[in-house]
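The same chain A turns up in both complexes below, where it pairs with chain B and then with chain C.
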Partner chain A sequence: MGTYVVRRVLGMIPMVFLITVFVFLIMHAAPGNAFDAIMNPAIKDIEQLKEQLEHNAGLDQPLWWQYVHWLGLFVTGNWGFSFTHHVPVTDLVGPAIRNTLILGILAEVLTIAVGVPFGILQARNPYGKFDYTSNIVLFCLYSVPFFVFAIFMIYFFAIDLQWFPAQGSTGTGPNAGTLGDHLYHALLPALSLAVVNSTVYSRYTRGSMLDVARKDYVRTARAKGLEEGRVFTKHVFRNGMIPIVTQFGLDFGNMVGGLIITEGIFQYQGMGQLVIDAVNGRDYNVIMATTVLIAIGVLIGNLLADILYAVVDPRIRYD
Partner chain B sequence: MAEPLLAIKNLKTYFISKDAEVRAVDGIDIEVQPRQVVCIVGESGCGKSMTSLSIMRLVPKPKGKIVDGEIWFNGRDLLKLSEDEMTDVRGNEISMIFQEPMTALNPVLTIGEQITEVLLRHRKLTKRQALAKAIEMLQFVGVPRASEIVHEYPHQLSGGMRQRVMIAMAMVCEPKLLIADEPTTALDVTIQAQVLELMKKMREDFDTSIILITHDLGVVADMADHVVVMYAGQVVESTDADSLFAEPTHPYTKGLLASIPSLEEEKDVLYSIPGTVPDAAAFPQGCRFADRCPIAQPSCREKMPELREVKPGHFVRCDLV
Partner chain C sequence: MSASPATAPEKTQAQPRGRVSKSPTRLAFERFMYNKAAVVSVIVLLVIIFISIGAPLFTHLDPTHQYLTETDAPPGGVHVLGTDKNGFDLFSRDLYGGRNDLLIGFVDTLIVMGIGILLGGLAGYYGGWVDSVIMRFCDFMLNFPFLLLIIVLTSIFNSSGVWLLIGVIAIVFWPPTTRMVRGLFLNLREAEFVLAAKMAGAGPWRIMFRHMLPNIMGTIVVNATFTMANLIAAEAALAVIGFGVQPPNPSWGNVLYDALDYFTLKGEPWVWLPPAGLLTITILCINFIGDGLRDAFDPSFEK
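Showing the complex of A and B:
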């Protein structure tokens, strides 16, 4: 297992490298740059000033040189300055990563905490009343795009009932910056992601549990004299969770896409918000840093899912 | 003869769905004496597996249902026990081994976990004691490196080893009755013989009665004290093993025995009974074998023959013999 992890981590390096090349090219193919966004067009001699600023930032150099220059600094930990925020990129991404992790983990926990038990309850009595009614409800929820759902959540829970803040990642009161306050702010966006995602998990869980319940070894477990509860926890559930873990692994990529949009809707100061602002402002250093971090995040997520896969299924061995 | 260990009386197990009633087991009577090996023989779909699952009360729910009958085991009617009481019987007093040892073992639990599970359920043992007992049992059934095997998973073992593990698991609480549902069908011939030997040894050492379900008459000849031939959910012939092979009486039994290839005769085509088993959702009114029977008379199709005693201890469901 140890060597497998090392091999996988080493394999990530060329992957991340290719992603940086790709993003760098696309970024520069987009029209305009950071100075077009921040300069007041009424300034005298604007062309000359722009040339001066571009020269200072190295933007007049050939593209390959700019890339190599960026890469050299990046790997040594110098991630440059943000053109629009005028602070080191590292100061921006630190809190953003923390906020996104809070939101992402909360959303994933809620997704599984809602979806898996629902699927199990449905599988307990397939084609029964609860199965049918809950399926209709879940199917309706699944059909709602999560960003529409998010807007409804804001309307009801933040504006109408005023139970939760409508935006931001932390408040200004005495609790500002505490973990509790962060979770409080993350709950609504996390829910809007989780409700829709959990419908997928409930379907997977239901199918998987029903599939396993028919297996011969479940009959063996009953023939041993085990009670139904024990047959379920030890035999059905453990085997039924294997496909769910696979789904969990595939989810990391989807989650990132969902997070970016959700953070935008809730004005939540995370990586997604940072990426959108950086792309709009052509803030090259921030774009590069956030893209690399997100790519590494997704790759690590997939690796974790593969490791988890081997933990739940002893037939899978990496060596 | 002593009080039978198991007495099945008029057992009926049906599969009931909206538009059909499939009579998988349709009024069978079987007795098993202590230390006896009873073979239930018949072709696929004749109800032999459903009979065994009925004894364990493990008929697939919700469609399968035991609609009538009694199953007396050790002085109690198993069909009258509550589900809780029944779980005390399963794996403890009656245990079962299945046809396919690969799929009958849980792939994500170690061999040790799967065997100790039975002990921890039925015996007051600590985990350590249970594991020691499991290793002892594995050694008894001839699994080499038993103390290492308990930490391995089913996929790491061969088919024969897995079936030995199944037997160890079934026998670890020393049940009075072992039901083996085609335990050797999925194994190759040399392993088959070893597994059958092992089951004989189990009977000798633990005084266990065995119900062996098979369609292999070679296995019957090797193992059986008493043979029950089933056809279309009914018992068609029931007698001791010697007289079954010496004087098969029911036309179906004769057909089965005639289908065995022999070394003496040169045949181009092996004998087979013509036709197929009737649909269990729409059994004919008369004898169920009539359509395939070489000696059938018009009267056979009108009235269902009763199981009658043609000689002491030899029962046949045919009016013509």
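Showing the complex of A and C:
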């Protein structure tokens, strides 16, 4: 297991490297740069200022030089300055990662906490009334795009009832910045991601539970007189979870995509919002840093899912 | 025909009157028609397609024209659903917007399925190094932070055309389909009819497309339907953060994007409710059709 993890982590390096090269090229293929946005009538010679700024940022150098220069500084922890925020990129990225982690973990926990038990509940009495009606409801809910759901959530819970803030990641006042405040702001976006996503988990859980319940070893467990609760926890649940973990791994990339869009809708100051702003402002250093971090995040998520896979299913061995 | 009259009665015996033999396609069609939700969905979807393609029949207003003196107008009068904060007529945008959403969904599904069948077929049929190369490439693409690529590309080539967007979305969505198709081909690889075709001297392309493909077409069609629903949702999701179809070109997603402020959400539901509703209904219908097709092609499939 140890060597497997090391090998996978080492395998990530060329992947991340390729991704940085790719994004760097695309980014510079874009017309215009961050300094085109400077429009201040008080500045006399804008062209000269722009030239000066571009020179300072190294934008007048050949492209390969810019990339090598960026890479050299990046690996030593110097991620450069943001062109639009005028602060070191590391200062922007730190809080953004924290906010995104809060939102992402909350959304994932809610998704699983709602989806999996619901699927189990459906599988308890398959083809019954509850199962039938809830299947139709879940199917319809699954078809609601999560951003439409998010808009309705904002409308009902933030604007109409005013229970939750409509945007932002922290509030103002004495409680600003506490964990409670963060969770309070993350709850609405997390819910809008979780509700639609959890329908997928319910479907998978139900199918998987029904599948396992038919297995011979479950009948054996019942036949030898094991009480129903233990049959469920020890045999049905444990084995039924294997496909769910696979689903979790496959879902990780989607989750990151969903997070970026949700952050955009809720103006939640996480990595997604940072990326969107950086791309709009042609803020090269921020684009590169966020790209690398998001790519690493997705790769680590996939790795974690694979490890988790081996944990729930001892038949799977990595060596 | 008249050579052996003796066989005629036998034939009628094997197939009693009123039970004409049915082709698998016909059986699937009948099973599909039996699924009420799917049939209703087809009708609703056809209506949506009709009103977006035939948009000029319902409104004479130009969806790309900004009525600068009449911004934020409530519904009524010339502007059936009012105008948004930029002065665009909402009714015409909702109608014409469907064209872009459906076009992207349809064309991208074709591209994604085309790539998927070609590469997945090659990987599944040949196996070995061909399979390894294609699948490694798939893995790379699956790990790529593609939302970033879409965002960067669409903002670079900041045009209001949809073809770039169609291309970018296709690049992002082909790997899962390719994986799925590869699995299907892999399952059939050792089948006896494939072996028979090989023995008869059929070439690889002929075996792949004339012998194997028809056998998995049902699964592929079902998958294509669900893919189309996902693609439409994906475009709209991008548009909602401002990176989908670019204004003034309308799409349901970018109408929603312009509605995402406190006052519009609170006071002007006619701005965001129709595009949100149309999107949801379209996706719901496509999913129901997919569900119906799955039941039709594979009656043993258990939900």
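Here is the rule we go by: the second predicted complex is superposed on the first by the 311 of 319 C-alpha atoms of A that agree within 3 Å, B and C clash if a C-alpha of one lies under 4 Å from a C-alpha of the other, contacts with A are read in each partner's own complex, and residues count from 1 in each chain.
Note that in this section a residue touches a chain if its C-beta (ideal position, glycine included) is under 8 Å from a C-beta of that chain, and two chains touch if they have at least 3 such contacts.
As the structure is a prediction and not an experimental result, all values here were calculated from the model.
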- For the overlay on chain A, clash or fit between chain B and chain C? fit
- Task: Mind working out whether A:L92 is in touch with chain B, chain C, both or neither, as first, second, both or neither?
- Result: neither
- Task: Using the superposition on chain A described above, determine whether A:D313 touches chain B (first), chain C (second), both, or neither.
- Result: first
- Query: Hey, is it chain B or chain C that touches more of chain A?
  - Reply: C
- Query: Now for A:L103: first (chain B), second (chain C), both, or neither, which partner does it touch?
  - Reply: neither
- Query: Should A:L188 be classified as contacting the first partner (chain B), the second (chain C), both, or neither?
  - Reply: neither
- Task: May I ask you to decide whether A:V114 touches chain B, chain C, both, or neither, giving the answer as first, second, both or neither?
- Result: neither
- Partner chain in contact with A:K224 - chain B first, chain C second, else both or neither: first
- Task: Would you give the minimum C-alpha distance from chain B to chain C, in Å, for the three-chain superposition?
- Result: 17
- Query: Taking the complex as given, what residues does chain A use to touch chain B?
  - Reply: 215-217, 219-227, 230, 234-235, 238-239, 242, 312-315
- Note on the structure: Note: in the complex, chain A contacts chain C through residues 15, 18-19, 22-23, 26-27, 29-31, 135, 139-140, 142-148, 151-152, 154-155, 159-160, 166, 207, 253, 256-257, 260-261, 264-265, 275-276, 279-280, 287, 290-291, 294-295, 298-299, 302
- Task: Sort out for me which residues of chain B touch chain A in the complex.
- Result: 56, 58, 84, 87-92, 95-96, 98, 100, 103-110, 117-118, 121-122, 153, 155, 166, 169
- Query: Along chain C, where are the residues that touch chain A in the complex?
  - Reply: 140, 142-149, 151-153, 155-156, 158, 229, 233, 236-238, 240-243, 256, 259-260, 262, 265-266, 269, 272, 276, 279-280, 283-284, 287-288, 291, 302-303
